[in-house]
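First chain A sits with chain B, and in the next complex the same chain sits with chain C.
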Partner chain A sequence: MTVMEKLAFKEDMISPGISACIGCNVELTLRTVMKILGPNTVFAVPPGCMGGVGVVGWNKQSGAKPPVFFPLLDNTASMLAGIRLGYNAQGRTDINVVAFAGDGATVDAGFQALSGAAERGDRILYICYDNEGYMNTGYQRSSSTSKWAWTSTTPVNASGGGGKRQHKKDFPVIMAMHDIPYMATASPAYIPDLVAKVEKAMSVTEGLAYIHIYNPCLTGWGIPSDQSIEAARKAVQSRYFPLFESSRRKIRITRKVKEPIPVKAYIQASKKFRHLDDEQIQELQELTDERYRFLEAMEQVSQEG
Partner chain B sequence: MSTHQAAAKSRVDVMNGNMAAAWGARLSRPQVIAAYPITPQTPVVEYLTQFFADQELDCQMSEVDSEHTAMSMLTGASLTGVRCYTATSSQGLALMYEPYFRASTLRLPIVMNIVNREMISPQTVWGGPQDSLTLRDAGWLQIYVEDNQEILDTTIQAFKIAEHQDVLLPINVCYDGFYLSHMSERVEVPSQESVDAFLPSYHSDHILLDPDRPAAVDPLTSGYLLMEYRQKHMAAQQAALDVIAQVHDEFARLFGRDWGGLIETYRMEDARYALVTMGSVTGAVREVVDRKREAGVPIGLIKVRALRPFPLQQLRSAMSGLKGYGVIDRNVSFGWNTGILFQEVRSALCGLDEQIPCIPFISGLGGEDITLDLVGQAADAVVRNTAMVEQAQWLQVAHEGR
Partner chain C sequence: MEKSYKAPMGEGIYEVNTGDWRIQFPEMDKTRCTECGICLMYCPVNSVKAGYGEVLLKNGNTRQGLVYTIDLSYCKGCGVCAQECPQDAITMKRENKR
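After this line comes the complex of A and B, so read on.
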């Protein structure tokens, strides 16, 4: 059975009619992930796009069908850790305890809670949908926003100057270095890869599993709604967002990109990079190359170990 | 079990307030504990983790990365329907404010000891209830206690109060840092059997995250519904007035120790004047009342135990007809130029026909000693006073060079 056939026969765990933007690839990601997780799940959706579109719904008529709640923006991992302990105390160890959180709730405000849970080995599955900022409140920057990108708090002036002044936090590597049993990156453009990673994460019985999904935001970044998946795919094809996984610091690139397209081809998909000059584009290219080399080197070390 | 049987099964020990709190928690059989150390609460966490390591405490124990995580974790655990406990102080409580407020608005009966400590700045680690008093309107129940036995007894009672179906609210049992937390006293430790007979296990039906009974918790909610939530929350606070008294009486019958319930009165039967207190300073005030009585001054003492809910009627009946009172606050209410308890007491007494002359005292901030002499000065001032004094009178020992 192919992944697509498998997904076709699974119940959609999210009701029809949530109010995500047309073409939103986070909604696709959410529905896919939730089909794999199934109904035996307690599900945290902190404030962010998926909270905003009604995934924490009413009377099972809207939103998620499994038990779902809003954690605070900054305590998703710790609330879930508590839920796990509560069920451990009752001998119910088969429940999936899962976060579906944006990058703001993960790499910024929620980082301490997540890092603490990872270090303690709290058994939760934490999924971050990274759309590079606070997209549901009008596109403010986060520490996951790419360098030079326009956001409403890193605006661009009339002469094309401005944008975010710092590089994107390399969060997947930071999580991998917590020695957790499973860490993976994923993309809505590579659904079979995503499904396989969710299934691996679900099989973790000791410690925290983390999946970082890169979700270009149509509305916030300025991407036509019919190019949603295309933009996500170019991020991988250009090595800007490599697909890899790690287990206890053993790193493996799951989709090797032997002949990358230029980063320029990826960032041209988004209006938020439209003001960049050649020098700035070159800087992003060099960062991409460096990070990929670093990843390959770590993979090499992992294999030697 | 009769009082006699319960008393026979208890053992007498000497312990500090933090150990008394840890024993109170241990005997109540919490299923999840998450705590982060902070002076002066730190030993509570050390004692509990030692009980856990020695397999004398059967629970899920998490040594967390912050107080914010501690309360967040217990919020999650409580949403699975288990009994939860933690403790904190001062800056830890401040860091916890976000999940602290939400634990009450989610109606989760979490029990937390607060080892009262001043808020910085300037840098300080010593006692004073500024930390928890500042959060008196965050929806939790708050009880303030006077000595180590009362810490242990009230911590056990707290679970029964919080988990009562008419209440379902989190609760703080607050005691002064260092004066109680680090001072050793005689404490009777009840047997596990007698506490089990008093405190049944917790079963939650009102809010759960359970795949067998799926529900969404806290969807985006309109104001008209939020108002209903708040009305019910406030009604639960009022219901707690009765429940605190009932649980207290039941405990007193079973274990033979009576702490007064919502308020404790001392030599108030024929008193014309009163000093109103909270927490450990009450011991000193009790002594001063005795001395003044010996000198023929008709003065008594009112110890406020429950600050939330506030024992409005109990205070009115205890204080009606007095010729004067003073409130000794070990805290400040910025903007009122008095302490916080004074504002609460005076508001309660507005319901009386008469206006009772009163004085707001502030003393003992940052753990400064509230000496017998200072309390004596306060008593004398109350007896002399005929006005509604609205500006704080500061009681302090002169320091060299100041």
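After this line comes the complex of A and C, so read on.
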């Protein structure tokens, strides 16, 4: 089965009409991931955009065809670890136990539970859609928000000052360093790559698999709806969000960007960076280059070992 | 609206008639379309459907392959398909009375 046939003929596991924003690429990501995971799945969507749009159901009705749970913001991984142990006790080992959580429930509030599950080696697949903030509740900052970005809790004044003062947490690398059997980053602009990574994560049997997906938020970042995929693509093409995977600390860059576009080209796509001056853009460019060099060095070390 | 499937828990599937939100709709020009499937790959609402059929090639011959059509039932009219189409075969048209 080719990737196109999988996307065309695997059953859509999510309700056909959910109230995600027009053009939302998280909706695309969720539908794609759940098509690949198939009906033999139990998944949890903590509070966040995908919980809010009705995937977890509303008014006694369910928003998805497989069983879906609505855990708290900070216990998603622990709850799924319990579900996995329950199925193990029944002798059912072929079930995908999946989390589909935003960056708030992963990088901020849910980090302790996730880190614990990763360390214990609970067999769950944890997917984080990173839209750089608490977008569902009104675009507040999270520890995954980029430096200098406008959010409702890091406002910008009339002269262009303000914005978030700290750098984005490099969460994929933090998860890779948990020594987990599979960690990958993905983008909705590179669907075949995403499908391959989900299939690899499904085949993990001896520990936690983690996938970090970078989803530019149209409403919260100020991006026109038809630029949904283009903005995600520019993040990868500028090396701002590199696509790589790791298995037990062995890192491999899956999409090498030989001739990156300037970070400025990616930043100009969204309104939340509109107030940045050249110096601030240069700082983000330097951070991007530094992180990519770090990744390349890690890849080099992995190949030698 | 006819409910076409059952959910394992709760009283059926929760669905919003998102087709009602649309202020513009995509129109596919089959004379330019090469049936590459990019529109199906990127449609956030899964509104592009595929089936097997005959694909007309540039040299006039045909081959068996996937053929794509747009189902507007839940389409929100975001314009991603028109933006991503490499052949510019999809254009966004204004919805009547919107």
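Please note the rule applied: the second predicted complex is superposed on the first by the 299 of 305 C-alpha atoms of A that agree within 3 Å, B and C clash if a C-alpha of one lies under 4 Å from a C-alpha of the other, contacts with A are read in each partner's own complex, and residues count from 1 in each chain.
Please note the rule applied: a residue touches a chain if its C-beta (ideal position, glycine included) is under 8 Å from a C-beta of that chain, and two chains touch if they have at least 3 such contacts.
All figures in this text were calculated on a predicted structure; none of them were measured in a lab.
In the overlay built on the shared chain, the residue A:P66 is in contact with chain B and with chain C. Using the contact criterion defined above for the overlaid structures, shared-chain residue A:D226 touches chain C, although it does not reach chain B.
In the superposition on chain A, A:N75 makes contact with chain B only, not with chain C.
When the shared chain is aligned, chain C comes close enough to touch A:N25, but chain B does not. By the document's definition of touching, of the two partners only chain C reaches A:F9; chain B does not.
Looking at the shared chain after the overlay, A:A89 reaches chain B, while chain C stays out of its contact range. Of the two partner chains placed by superposition, chain B and chain C are both touched by A:G57. When the two complexes are laid over each other on chain A, chain A has residues 54, 57-60, 63-67 in contact with both chain B and chain C.
Against chain B, the residues of chain A that register as touching in their complex are 39-42, 51, 54, 56-60, 63-72, 74-75, 78-90, 95, 112-113, 115-116, 119-120, 122. Contact residues of chain B toward chain A in the complex are 31-32, 34, 59-60, 62-66, 68-69, 72-82, 98-99, 102, 208-211, 213-220. Those residues of chain A that touch chain C in the shared complex are 4-5, 7-9, 12, 15-20, 22-25, 27-28, 31, 54, 57-67, 188, 191, 225-230. Across the complex, chain A is touched by residues 5, 7-19, 21, 37, 40-46, 49-50, 66, 73-74, 76-80, 82-84, 92 of chain C.
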